[in-house]
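Should a chain be cited, it is by its letter among A, B, C and D, assigned in written order, with residues numbered from 1 in that chain.
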Amino acid sequence: MLFASDNASGASQKVIDAIVAANDGYAPPYGADDWSKAAEVRVSELFERKCAVFLVPTGTAANALALAALTPPYGAIFCHDDAHIMDDECGAPEFFSAGAKLVGISGSCGKISEAGLAATLAAYPRGLVKQVQPAALSLSQATESGTLYSPAEVSVFAGMAHRHDVAVHMDGARFANAIASLGVSPAEMTWKSGVDVLSLGGTKNGAIMCEAVVFFDRDRAADFLYLRKRGGHTVSKGRFIAAQMLAWLDGGHWLELAQHANDQAQRLASGLRAISGVRLPWLPQVNEVFAVLPVAADKALKAAGARYYDWGGRGLEGDDCLKPGEVFVRMVTSFVTREDDVDRFLDITRKAAAG
Amino acid sequence: MLFASDNASGASQKVIDAIVAANDGYAPPYGADDWSKAAEVRVSELFERKCAVFLVPTGTAANALALAALTPPYGAIFCHDDAHIMDDECGAPEFFSAGAKLVGISGSCGKISEAGLAATLAAYPRGLVKQVQPAALSLSQATESGTLYSPAEVSVFAGMAHRHDVAVHMDGARFANAIASLGVSPAEMTWKSGVDVLSLGGTKNGAIMCEAVVFFDRDRAADFLYLRKRGGHTVSKGRFIAAQMLAWLDGGHWLELAQHANDQAQRLASGLRAISGVRLPWLPQVNEVFAVLPVAADKALKAAGARYYDWGGRGLEGDDCLKPGEVFVRMVTSFVTREDDVDRFLDITRKAAAG
Amino acid sequence: MLFASDNASGASQKVIDAIVAANDGYAPPYGADDWSKAAEVRVSELFERKCAVFLVPTGTAANALALAALTPPYGAIFCHDDAHIMDDECGAPEFFSAGAKLVGISGSCGKISEAGLAATLAAYPRGLVKQVQPAALSLSQATESGTLYSPAEVSVFAGMAHRHDVAVHMDGARFANAIASLGVSPAEMTWKSGVDVLSLGGTKNGAIMCEAVVFFDRDRAADFLYLRKRGGHTVSKGRFIAAQMLAWLDGGHWLELAQHANDQAQRLASGLRAISGVRLPWLPQVNEVFAVLPVAADKALKAAGARYYDWGGRGLEGDDCLKPGEVFVRMVTSFVTREDDVDRFLDITRKAAAG
Amino acid sequence: MLFASDNASGASQKVIDAIVAANDGYAPPYGADDWSKAAEVRVSELFERKCAVFLVPTGTAANALALAALTPPYGAIFCHDDAHIMDDECGAPEFFSAGAKLVGISGSCGKISEAGLAATLAAYPRGLVKQVQPAALSLSQATESGTLYSPAEVSVFAGMAHRHDVAVHMDGARFANAIASLGVSPAEMTWKSGVDVLSLGGTKNGAIMCEAVVFFDRDRAADFLYLRKRGGHTVSKGRFIAAQMLAWLDGGHWLELAQHANDQAQRLASGLRAISGVRLPWLPQVNEVFAVLPVAADKALKAAGARYYDWGGRGLEGDDCLKPGEVFVRMVTSFVTREDDVDRFLDITRKAAAG
């Protein structure tokens, strides 16, 4: 009953097999190998557009480098208050951008709102020298609350951003889960809706360490090779990172992995919803389920060895706010989550809630 | 006949096997896994001292992060003019240190000299506000010229540095080759000779992406977790990087790999030395051979598909300087270099040199 | 009727005279002159403690450098949402600290609240690697809303900060106005209440360009000479900046200047309060008056040439929020503000409001 | 007999008078005042071209900000080994550029050579990802050795730089002395010879704190307002810095001041040359005289209270190198240097040398 993080799972066997297979003969280092070239082609095909694709070992690197390519040091990066880049990367975006400012936008369910974005854009007018200058909007897809933006929503936000000459980044650490859930094309979810740069996450969803920064407008990528090198994120034996990406994407494998994780989250969510005393404040759309549990259930689950995060009361609003005797927790499923673990989790919760 | 770079080789099969084996079950992310803990213990045993050990995916990250832990932004980092950190990392040390200055020290055969270091230390007196302040000395072991410092030499330089309150870093991208060649203990080569922090390179010598930053004085590592996280170098599925280090070190495997590479370099060097018209300006002590070849040999080798780097005239002094009709080249061997490739290389050179 | 900014005023004649007088003979450059030494002594006397005092030409430099001395690059700087360092310095604190994060704390009347600070400190626990680490609390005295913290309030906040090993900075761009208003001693207002470093502003209150960074704990200043030099804020002809500070402090001149500005603000506030249709949401405690005016008054004032800032609706709460037909404006007085200008401003407002 | 630094002198009385005169009434802050606008016009006239002109309080700020506008963080800035930006600004260019690398070029008499520049440009080819990218060439005019580049020399170097897409900066801390000495027009010395950005120094030559960054190509200045603000170098009461520039330039005053300093240096140089046992390795072209003195003269001068810098043996070549019993010293004159001080210095030297 490990629901702490999708990072706690290992890798897909197909990805492992690809690493083993890549270990053959010589290959030019630093991304000049055939695997890396093929990965760029493959990602471009997936997005139905010639992209500039850069592989890096971690999600923090993907986000921070992508944003550094979009903002000057005196720029503002707009994102949700709870975005991963805001709170969970120890200031990596500030570091890689040489001191840009992250400006939080509030919003329910982990999603920014139109009003929130409009107010923020208005608060950072271009040319007001005493303030940092509007540079980038970062949307997390899926969000840190396990919710999703529809392509239509992305279009609206991207349109607003672009009208202010603000570039649009998508933090796609769980992009696979988002695509599997929404059933839209990767192109539709990104550049067709106005996204300029995507952090495409492989690691949480089956790779060992493999993330891609995907520039839909190749001109924006002019500096990226230098930024990546200087950041220590240019892997010398590039084949071993590119082979992961190729295997992960091959034959829709990435979506199979994500679908499994999503399905388990749905199973968990449906089960929880049916338990009296449990409520799910946010609609679980990918592989994360946030639930308010009775303390008794929380205790019973932990006693049984279940692992998940206590989320405090963060993000709860109105009737959803915690009452005495309740806790707010996050469960994350992955491509290896087993149905019987989900069911056991539900059983324990059900019994404890029934008291 | 691939002698372009040790990065062009794949990984040791034992390392690959360890990655495969690590892909089992759940493990806490971000370095809290058992593999990562075991790697710290294992490295500490190797160095006969309780060390603080941090794994990162690239050598540039290892160097730049290690140096950032040793210098303030207004600090000076002293290193050889041709050091990798000086010339081959696109300014990574400057980036991670928030703008410290790398100060080059000249010296024959890729090694700094006592006089050079003394003059440099004298040129950067502590407390002279208009100048950057002395902070770190970085020694490359092996050097970029394929030569080595003896422990006695390291002791002298480290002693000079410490008397000026300057910390000592060792760039050990090819530390395994150095140890295999010198036959001294890792402890003797490092902290017993005054090294404070080591970048211990696994990738060039058999890993897929695995380097360790090793602090012999654990107090110096107080900030390192934040620096690494913020730099995007904290691998989420830490088991896959730590498993590499464990397999690589297991039973002296790292030294076997290095010894093979060194042996092939010796074979190549001996062969070349015996050819009239060829000369080796620097003593090949590890897995790199630098040679002045007749242009005819260079042409014949390239025609036969041999791969190696043209080194310009960089670093040549006195009688060794290039004469008309000569080229200066670098050959690098690795743990997979085959004897017959070395012999074929020698044959072609011999015939072409004989004209 | 210039109430736009205290920066729009010139300098006190005594300060100008001191500059003229300092222009005599030779003096060692870069702060080694007698004026600079005397300024450190004089400031130390004023604060009843041996301080480390550094003069710089601008308030942004004073704040950003002071904060850079208190935080690592991966640190968090806590301040009010509307603090000058947050919004009005184009990211200078982020720049000088190499990418630290400013974390806003909300609170009425421009002041942080105990609950707000407690929640923020709780949200940034020390040692949680994925987050920036708590480093500094910055209090603006006077605040951007023209209000003041009492020494007792500062003590409470500083105590909370110190219990979390967080250093306390005071942005005293209008420190003179605060002292003149509260009638407490500079020592009481700062280190006796727990302030570690003060940005002491001279420019807004009578100097041409002169601010001091005052470290009450001299150990914290160990790096400051380098930070200042590297920031280009070490004035070569130091006598001309130090002479300003000496003249400004001499015989309580700084407080006379501030008292005049404060008095004019009180005159303006009293007059406005008496006008029906005008309200002052925040208590004007120094030389800034924030008022909600009828649009008609705003128009009449502008037509008559009055200069002040439109403040939007920023910071208004509850009943104070803008209603149709109202505007929210900021008037700033200075040491040269004339009573008849204040009275004329009031007359026009009164007539227009009476409509 | 103060020859230590031109920074040890005060300000020209005309500059002081202008500060006094500027202290009248209100003026918009942060450079929107009439003085600042007039200064931009006046500087543009001087350079016979519409320039973008930004005033800052220190020379370090001028240089570091100008360079930050010309280089990305992964850029290389080429300059003479002994340039002020290289050695005397505590890493300010690295700081403001977010970690660019300064690459030294050697050359006699403080001047880079054509061969040196060519070799350096060749060593930093554009597009080689592992290296920092060529971005800017900085020429000091006058040099740190008191010598000058002719417009023809600047043209050659700037042409070479531009052919590599490298921008050209001139550090004109002593630009006035250079113009006074060469008798060429400011336009000829700068943009007509290929200079893109000039740091125009007022402080060493008669201002209290006033330097200008002058962009001849206004497009390069697009970011500068933000860089300056963020660096804390946007003076709030801009009139007091602009008034200095206006008075300094008015009626050729700047050149009168510089001419006086240069004349005194010539007087000193001529006198020293005539003394047996004294030699001047570099041609004194502005207000600095470098001389090898007998130790006896050095002692006698110091005993008499003369102030100047010991220059070590730095920069001496061939026959000029120090012999036993000699010291190498630097004397700097200024607009207030008195002829009788020069003559007394010569007398003492003459007597001691005759010893």
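Operating definition for what follows: contacts are C-beta pairs under 8 Å (C-beta built on N, C-alpha and C of every residue); 3 or more make two chains touch, one makes a residue touch a chain.
Treat the numbers as computed from the prediction; the structure is a model and nothing was measured.
A.B. asks: Can you give me the shortest step count from chain A to chain C, moving only between touching chains?
C.D. replies: 1
A.B. asks: Determine whether chain C and chain D, two copies of the same sequence, contact each other through the same residue numbers or different ones, counting it as same when over half of the numbers at the interface appear on both sides.
C.D. replies: same
A.B. asks: Computing the C-alpha centre of each chain, which chain sits at the greatest distance from chain C?
C.D. replies: B
A.B. asks: With chain centres taken as the means of their Cα atoms, state the distance from chain B to chain C in Å.
C.D. replies: Centres of chain B and chain C (C-alpha means) sit 51 Å apart.
A.B. asks: From the mean C-alpha coordinate of chain A to that of chain B, what's the distance rounded to whole Å?
C.D. replies: So the centre of chain A lies 35 Å away from the centre of chain B.
A.B. asks: Would you mind listing the residues of chain A that make contact with two or more other chains?
C.D. replies: Where chain A meets two or more other chains at a single residue, that happens at 30, 73-74, 89-91, 95, 98-99, 129-130, 226, 229-230, 234.
A.B. asks: For a test of understanding, state which residues of chain D touch chain C in their complex under the given definition.
C.D. replies: 2, 4-5, 7-11, 13, 16, 19-20, 22-30, 56-62, 64-65, 89-92, 95-96, 203-204, 208-209, 226, 229-237, 239-241
A.B. asks: Using the touch rule from the top, collect the residues of chain A that touch chain C in their complex.
C.D. replies: Residues of chain A touching chain C: 73-74, 87-91, 94-95, 97-102, 129-132.
A.B. asks: Enumerate the contact residues on chain A facing chain D in the complex.
C.D. replies: Interface residues on the chain A side: 30, 72-74, 98-99, 129-130, 133, 223, 225-227, 229-230, 234.
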